[in-house]
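Paired with chain B in one complex and with chain C in the other, chain A is shared by the two complexes that follow.
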Partner chain A sequence: MSRLRPLLLILVLMAAWELAARSGLWSPLVLPSLERIGRELVLFLSRPEGWMQAWVSLYRAFGGFAAAALVGALLGMLMGRSALVGRMLDPLFSGTYAVPKLALFPVFIFIFGLGSLSKVALIFLECLYPMVIITSQGARAVDPVLIWSAQNMGASRAATLRRVLLPATMPYVFAALRVALPVALIVVIITEMISSVDGLGYVVIYSLASLRTDRMLAIVVVIAALGLALDRALVAARDRLVYWEKLDTYFA
Partner chain B sequence: MVRALLLSFATVFSLTALAQEPTLIRLGRGFAAEEQLWLMSARPDLTPNQGKKYRLNQVLFQANPERFQAFLAGELDGGTAPGLAVIAARAQGADMKIVASICLEAAGKQWFTTQYLVKDDGPVKSAKDLKGGVIGVVGIRTATDLWARAGLLNAGLVPDRDTKVFPMGFPAMGEAVRSGKIQAGTFVEPFYSAEMAKGGLRKLFTAVDAVGYDHELLDIFFSEKFLKANPDAVRAFLADYVAATRYYLANTEQAKRDLAKAGFVRTPVDIYVRNSDWKRDANGRVDVESLKKLSAFMLDKLQWLDKPVNVEQMVDQGYLPR
Partner chain C sequence: MRHAAAPAGLLVVLLVLWQIASLGGHPSYLLPPLEILRHFFAALGSSELYVHAAASLGRALPGFLIGSLMGVALGLAAGIARGLDEALSPLVFLTYPVPKIVMLPVFMLWFGIGDLSKVLIIALACFYPCFINAYYGARATPRILVWSARNMGAGDALIFRRVVLPAALPLIFAGLRVSLALSFIVMFAAEMINARSGLGHLIRESEMSLRFDLMYVSLLTIAVLGYAGDRLLRLARGRALRWQPS
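Moving on to the complex of A and B:
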């Protein structure tokens, strides 16, 4: 029963939506019924082109996300453990975190072209910030007693890094990954909405331009489902790798 | 007692005043080619009925989908839109009717028509050479998208398969063509004049070349519900609109300077007044036949419509001055 409780709120929201859609107060072109959205969802999922569009968005999102995860975790570790690197890079990252990187998208198009690369590059940049900042916090927060203990037992620098620093920072790295992953999805959809001929974002803007709000909302459902599935996969991976510190989630 | 009486009197008085307020027309507008409509707000002295038989509130929108969403949500009574966008909306069952024309894509040296430009020294000599390339349009399912696809179809190319139709903003189009990111781009004023002045670009085809006939570009629409509820206000509004159009056509430079002064245009005024202009009908009459042809093209060649649209029913010119 307790596992079904989160679904209850979703069901209530869906019922409220359906009531509003059937009230006649709003045009069905603006507020389509769940039945129409569901029909479009089934139509989208039953066509190979639909899956292809989802795949295009996912590989773009993953491309930027994976690169940011790798570079961000490395930079974050360096910033967290080296005062020199921290002093050099912290003002850069802190000072430009709030800048909406999306504004750079036209520039990215000119540098990286109209295709996937400009989108992947922007996703990389957007995801890099949470990766670097959260990982560096984690690397800085490692209990010094653990490091001293390892050193007292004769552990080399490499062994201390591998056996103490990395495991102690991993919960933060996964926290950063969980922040960066939805950012990757959001940015890929927005960039595809702005300038693309494929991907889920393109389908969203195409549906909007065709006044097909039902189709657009079906894609929103697909994006939400993808986001949820990816987050669950990330949490599952975290629980396997960081087994000593299970994450307390409502889905567990 | 006295206070209660005064309060009742004040309430009745304000309700009466409210009832006598002329009808408010909430109109969603765009940012290009709608000069005579903007003039109604920039120069209210040209519109004798404004404030007496109707009040006008023009709301700026950057794109059609947002304008239509606001209209369908009941936040607008009408607006401006490309004829083809109204056709597409009608096909989805939207309650909207075109009541007047704003401007047309027309052939002739005296008019501006949307241009598709390529690199002057590039390999694209005709639309056929766009095979394997990219053509830039300003948005998916916009008029610029339709013309690009029409131009490709004329050249025997299949849009999306043979040539990508890529959305990008007007300001980026010139550099995108010059740098080879796209092989052809869509240009309207003021970007067209600015890019031609820089050099290095030449015409491939125009909007009129693409579809093969002069046709409606932008129109004014209202919901049928609003038209039925406020016929006198709409008639008064359109009478003023025609007056503003005539003033604009007779005094284009002054009108443009007034628009620039009122903040409707951001282009430097000296460039703006020199730019060529779209064709505008002095009486605001709609070229219904061209809309019929566009509708058939959208249905048969582009598969943009799920079903045919009755264009005759979509246009009602009965509110325009006779």
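Moving on to the complex of A and C:
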């Protein structure tokens, strides 16, 4: 029952939408009925072009996200465990944290071209910040008693890293991944809306420009479902891989 | 002092390297730092930059205020009232990983292509981090403090104001900080997609007309504004949370 409760509010909202759409107060261009959105959704999912567009967006998002995850986790570990690297990079990241990296997109277009690369580069940059900041916090917060014990029992530096530091930092890495993944999705949609000839963001803007509101809303539904599904998948992976500690940081 | 000098040191080194690298000639779209700075100060003398910056702030700040106020208020309420929690939280947590920017075209359709749709999309984006942080902040109030206050005869309103709110404040500020950064991103995105004014529009227009000087000037302006906003917020945090180390 408690699992169904979130659905309840959504059902109420959907019913209200349908009622408003059928009341005739608004043009179907502004408020298409659920039936028409549903039909467009089925149409979108039943054609390979639709899947291609989704694949293009996912490909870009994953490219930037994966690179940022790797580089960010490594940099974060270094910053958290080495005072020198931390002192050098920490202020750089926290100082430029509030600067919207999106503003660099026009510059990236000139450097990396109009294609996927400029988008992937921007996704990488935006995802790097949460990865680095959260991972370095985690690496810094490792209980020193654990490290002392390991050293006391004769563990080498490599063994300490592999058996103590990595397991202790892993929950934070996953918390960072969970913040970075929606960011990757946001940035890919934004950049495709601004300048692209393919991808889901482009299809949304194109549908709006050709006044196919029902199609546009169907794709909004697809994007929302993608965001949800990816987050769920990440949580499932985290619960399998990092079973020793639960760090639920939906926030910050 | 050393702590403040170190970051500037690395940044200066990078900028000097960039400047030196561009001495031997540079592509027209990669201006050297000193050149950007020169254009920036030249632009400060004309009114164009101020007009666009004011238009941008006129969208980002109302959106941030509306979204974060609603987020903090509803998040705190859901954190202390079970009925509201059960009705609202599942929907918020369910839609949290959805990129809110996809609603921009929908909002443009409903509220027009003017400022209203942009302010609302910024408010929507700012709502989530504030709600979630305020929610967890209120829920993480140490139970024993609430009990002690009640034991000493404090009413619900007083407990909220003197116990729950201070306990939630650190997380609320964390949420505000994320929201402020988000408001700038969403404002910029909305202006790049569709606007007649604002820094996002300016950067897009200068990009298309190959006015690289103007492009970097708007980039620098948005960076300065974002940094200043974050600084102000951290200043406010330091004042409001004197009892807490940052």
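For the reader, a short list of remarks on this structure follows.
By our rule, the second predicted complex is superposed on the first by the 245 of 252 C-alpha atoms of A that agree within 3 Å, B and C clash if a C-alpha of one lies under 4 Å from a C-alpha of the other, contacts with A are read in each partner's own complex, and residues count from 1 in each chain.
Following the convention adopted for this analysis, contacts are C-beta pairs under 8 Å (C-beta built on N, C-alpha and C of every residue); 3 or more make two chains touch, one makes a residue touch a chain.
Keep in mind that what you see is a predicted model, and the values were worked out from it rather than measured.
When the two complexes are overlaid on their common chain A, residue A:Leu114 makes contact with chain B while staying clear of chain C.
Set against each other, chain B and chain C touch different numbers of residues in chain A, with C touching more. In the superposition on chain A, A:Asp231 makes contact with chain C only, not with chain B.
In the superposition on chain A, A:Val30 makes contact with both chain B and chain C.
Once chain A of one complex is fitted onto chain A of the other, the partner contacts of A:Pro106 extend to both chain B and chain C. Of the two partner chains, chain B is the only one touched by A:Val197; chain C is not. Judged by the touch definition given at the top, the superposed model places A:Ser210 against chain B, while chain C stays out of reach.
Residues 29-30, 106, 109-110, 194, 205, 208, 213 of chain A lie in contact with chain B in one complex and with chain C in the other.
Contacts from chain A toward chain B in the complex involve residues 26-30, 106, 109-110, 113-114, 194-197, 202, 205-206, 208-213. Taken together, the chain C residues at the contact with chain A in this complex read 3, 6-7, 10-11, 27, 29-30, 86-88, 90-91, 93-106, 108-110, 129, 132-133, 136, 171, 174-175, 177-178, 180-181, 184-185, 188-189, 192-193, 199-200, 203-204, 206-207, 215-216, 218-219, 222-223, 226-227, 229-230. On chain A, the positions that touch chain C within their shared complex are 5-6, 9-10, 29-30, 87-92, 95-100, 102-107, 109-111, 181-182, 185-186, 189-190, 193-194, 201, 204-205, 207-208, 213, 216-217, 219-220, 223-224, 227-228, 230-231, 250-252. Residues of chain B touching chain A in their complex: 64-65, 68-69, 72-74, 88-89, 92-95, 134, 139-142, 160, 164-169, 172, 175-176, 179, 181-182, 304.
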